[in-house]
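A, B, C and D are the chain letters, set down in written order, and residue numbers restart from 1 in every chain.
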Amino acid sequence: MYRDYILDHYKNPRNSGELPGATHTYHDSNPLCGDELTMQLRISDGHVDDVRFSGKGCAISQASASILTEEVKGKSLDEVKRIDREHVLANLGIPISPARIKCALLGLKALKGAAWGLTAWPGEEVKAK
Amino acid sequence: MYRDYILDHYKNPRNSGELPGATHTYHDSNPLCGDELTMQLRISDGHVDDVRFSGKGCAISQASASILTEEVKGKSLDEVKRIDREHVLANLGIPISPARIKCALLGLKALKGAAWGLTAWPGEEVKAK
Amino acid sequence: MAVTVRAPASTLDVARIRADFPVLAQTVRGKPLVYLDNAATSQKPRQVIEAMSRVFEEHNANIHRGVYEFSERTTAAFEEARSKVARLVNAPSEREVIFVRNATEGVNLVAYAWGRDNLKRGDRIVTTVLEHHSDFVPWQQLAAEVGAEIAVVDIDGEGRLRRDQMSAELRKGAKLLALTHTSNGLGTVNPVREIAAEAHAAGATVVIDAAQAVPHTPVDVQDLQADFLVFSGHKMLAPPGSGVVWGRAALLEKMRPFLYGGDMISRVSVAMTEWNELPWKFEAGTSSYVDAIGLGAAVDYLWAVGIEKIHEHELALVGYLLPRLSEIPGVTVYGPRTLDDRVGVVSFNIEGIHPHDVATIFDREGVCVRAGHHCNQPLMTRLGVPATTRASFYLYNTTEECDALTRAVHAAKKVFGV
Amino acid sequence: MAVTVRAPASTLDVARIRADFPVLAQTVRGKPLVYLDNAATSQKPRQVIEAMSRVFEEHNANIHRGVYEFSERTTAAFEEARSKVARLVNAPSEREVIFVRNATEGVNLVAYAWGRDNLKRGDRIVTTVLEHHSDFVPWQQLAAEVGAEIAVVDIDGEGRLRRDQMSAELRKGAKLLALTHTSNGLGTVNPVREIAAEAHAAGATVVIDAAQAVPHTPVDVQDLQADFLVFSGHKMLAPPGSGVVWGRAALLEKMRPFLYGGDMISRVSVAMTEWNELPWKFEAGTSSYVDAIGLGAAVDYLWAVGIEKIHEHELALVGYLLPRLSEIPGVTVYGPRTLDDRVGVVSFNIEGIHPHDVATIFDREGVCVRAGHHCNQPLMTRLGVPATTRASFYLYNTTEECDALTRAVHAAKKVFGV
């Protein structure tokens, strides 16, 4: 599961940090692992002008997010909305065990949240106290 | 379990009915079976002058109560208070299966309740609604 | 009381089925076991017993939180059981299937987590005299707590629900309908779909007790238009400890949780807590995951046999037993006298013999039946009896066992000279 | 971090014990299984697996209500399991032992049935940052419902409870103390007896979460002076589905029931209900009687081995592992650095590797450990980490398995180049 490719993205994340002038931002987390992830997009003319992510967590979640940012740059918003789980898992190029699927897909979830302009994931509104 | 002796007491209960001038009365029941049993004692000079029971239910509970009434007549109140489960089960002269123990001892329970002058069995006060 | 009914034919290969149930080869006091207490609990096929042992022997680990293979395998088996249950009752989504201990806990879950927030002083709860204590006492107590009223719909002389009375009660307005799909005391099947429609029209939420339905007949929560439906695995070949609440996602999402603790949370801080998603929001602490996996195996078994066929088989047995039992002098049979809308439950009494004495004598003949109030005291009061003797069938029972039962009735009459 | 501890000697015949656990002979990805997730759930010996199958194969029937031999045999086995549990924790009476699904349901039972009637606005609940979510969230939610306050006592740098703070909080007055006997996150054992005495002096009722205590050390409810004590069978060789609440009879008798339905009643009419006697007043519906019988067999097994010896064995393993693990560069161990007042739980992190990645790599080596927050989010927040990796021992673990763990740490470091 920990091929050099993954470890490289984990240790040297691409497009990491704060995005100045971001038009779309979404934060998500996986409380089970303590993974945290924020995706930011700057959209102009319906296309991804720039993208950044920031977060902390396991190698799988951070590498998966890093790989995703490389892919979406320049894509249209519609194309971004169409990226699916299978595609992201295939991108990682390694078998992901069931317990780690959520880690692998956290970046995609945050990306979709940003692309659709969500403020909370449907059905996951905070239902506290 | 259904020896003639038991069936005879069931069909021809001894000391059955209402006891005029009863000094001690106790009613108990076994909701699981729907057995109901009232024991009445007339005590004078600390001795059982007369005893009656009334009730309805299974052969075991009714026969056991009937046999018990025959036994206690003339006994002192102290002697009645000392009658124990083992004695009653031995009196029946047949093996009683675990599920029927409560039936076999209902008469004793009502008798003790009467002898001790209880209004409710300790720990079984009605805890309703 | 003479009863004649046209018995349908059974298409089950009962000999083959019986070979799957190790307990049925047992004897009681030297006589073959005749197990006719299936409404209390069913026996288990080796497929279920082995599915459970296999977890312990091959990959046991706590579910949901383990990042290692055994935990993943056990979690997969547990969630697969949930999918099977969802398909069994045609739930729109697995998210709506909550594992609990038994039907009783299921009703309590709804009473605590939905009822306390949705019922208030003066609201009306409509229910029936056929309810098992588990679908009656939780509502009675909740009504007392919040100040709601309870209307209890009666039955007719054959133990069928008074439909006119039910409609009238619902027309008066109701916030909740608590209705048993199938009576465990008499075997009556209620017209749930029709009544649920009337209840919805009256603005009521509909809770169905399907503890005696799911094991014996096809049940489709969407077709019934239920809002909540509960049942117990142990009455359908699965182990005790495997019960189910199905509920509409829209309701479950709005509800507060019931039990609080591990696994049902998403995030906990000293100040506040966020809940997990459905269905786990309602599954606090370590689930009875091996029991649930046993239920999954039981569903597989029932499917392979065919639930519709099981129902026909049981009706065939009722059709065989009912006339034979009814013709014995002194025997009174309670409940439906025909095979319409009923399951394989036959309740009766023998004049002059208390049901407990009947059951004790039956036991000596190897015949296991239930004697008592069957957790149906309001129904017993309605019938005017302290208790009944009840025989209840399942897929492995035979007409020979019906004969053993009638022989046992004669034996009891002989002992008591009635 | 260098740690040296004097390891006591183990007197267990571990090879013989391991032969009783079929799952331990399994391999994972071709490597021998090294099961170090016992704080999550334990493995089961064949004695327990067979005790359960035996019920299904030999005399399965629903308990308590059947007037026939199978029901009587199953009831006897179930109630015998209760007696065993009562003796295990030295309960004054079996009437005080209530079977529930797990420790979580146990805490909720107390919160609903005792808490709702005894806590009111402004009352104080004292608890600790060591609590498992199951002994924290129920109180947090109850406090919010009734308007009570919660005080959360902190730990020191070694993960031991701040006794001074605990005393101070209790002196301010408390209606309830909710205290874990043993921390599942760090292995700390709390001085329960002393704290319970202070709590009683302050007028508080004492609820002890003994989920990590009863499986690993002798627990005596009378000696501890607890009012309620909960634990889970699945962490002590028994199946999931077998949990226990012990409570003082005087309190249980005054409490309202928790779940309503069959078996917990004595008499039901449309207008009112009378409750059954203890303990059945708190056991509604069909109990998980086979799981409970499995717990009885587990208690037999633990007794035969000796719980004090199991405790010593686990401490010997901690004494072996702790120095070896601590000397690996980049490894941080959380919790007590000595063997005093602790059990066989070792929580740690490797710098530069997230615990989930650690656990995934361990899994490839056949080593099963837990990675995450261990249902201890307030504790994780306190430690300033999102998660830890946790190894936890039981009677069948060996020093060779400790070596496998340290080898796996080195493997993980190599993969991540740290």
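The rule is simple: a contact is a pair of C-beta atoms (placed from the backbone, for glycine too) under 8 Å apart; a residue touches a chain by one contact, two chains touch by 3 or more.
Computed from a predicted structure; not experimentally measured.
Enquirer: Of the pairs A-D and B-D, which shows more C-beta pairs in contact?
Expert: Taking the two pairs in turn, the one with more contacts turns out to be A-D.
Enquirer: Which integer distance in Å separates the CA centroid of chain C from that of chain D?
Expert: That pair's centroid distance is 32 Å.
Enquirer: If you average the Cα atoms of chain A and of chain D to get two centres, how far apart are those centres in Å?
Expert: For chain A versus chain D, the centre distance works out to 37 Å.
Enquirer: Find the geometric centre of each of chain B and chain D from their Cα atoms only, then give the gap between the two centres in Å, rounded to an integer.
Expert: Going by mean C-alpha positions, chain B sits 46 Å from chain D.
Enquirer: How many Å are there between the centre of chain A and the centre of chain B, using C-alpha atoms for each centre?
Expert: The answer is 77 Å.
Enquirer: Quick check on chain D: which residues sit in contact with 2+ other chains?
Expert: In chain D, 65-69, 71, 140-141, 267, 272-273, 356, 360, 363, 371-372, 377 touch at least two other chains.
Enquirer: Going by the contact rule already set, what residues in chain A reach two or more other chains?
Expert: Correct list: 31-32, 97, 100, 129.
Enquirer: Taking chains as nodes and touches as edges, what kind of graph is this: line, ring, star, complete or other?
Expert: Contact map by chain: other.
Enquirer: State which pairs of chains touch, listing all of them.
Expert: Every pair of chains meeting the touch criterion: A-C, A-D, B-C, B-D, C-D.
Enquirer: Applying the document's contact rule, which stretches of chain B touch chain C when the two form their complex?
Expert: Touch residues, chain B against chain C: 1-2, 7, 31-35, 56-60, 97, 100, 103, 129.
Enquirer: In their shared complex, at which residues does chain D touch chain B?
Expert: Chain D residues touching chain B: 65-69, 71-72, 75-76, 253, 266-267, 272-275, 277.
Enquirer: Along chain C, where are the residues that touch chain D in the complex?
Expert: Those in contact with chain D are residues 22-23, 26, 28-29, 33, 35, 37, 40-41, 43-44, 48-49, 52-53, 56-62, 65-71, 101-105, 107-108, 111-112, 129, 132-138, 140-141, 150, 152, 232, 234, 239-241, 243, 259-263, 265, 267-270, 272-273, 284-291, 356, 359-360, 362-363, 368-372, 375, 377-378, 381.
Enquirer: Taking the touch rule as given, give the residues of chain A at its contact with chain C in the complex, in rising order.
Expert: 31-32, 97-100, 123-124, 126-129
Enquirer: Spell out the residues on chain D that touch chain A in their complex, using ranges where they run on.
Expert: 140-141, 144, 353-357, 360-361, 363-364, 371-373, 377, 380, 385-387, 415-417
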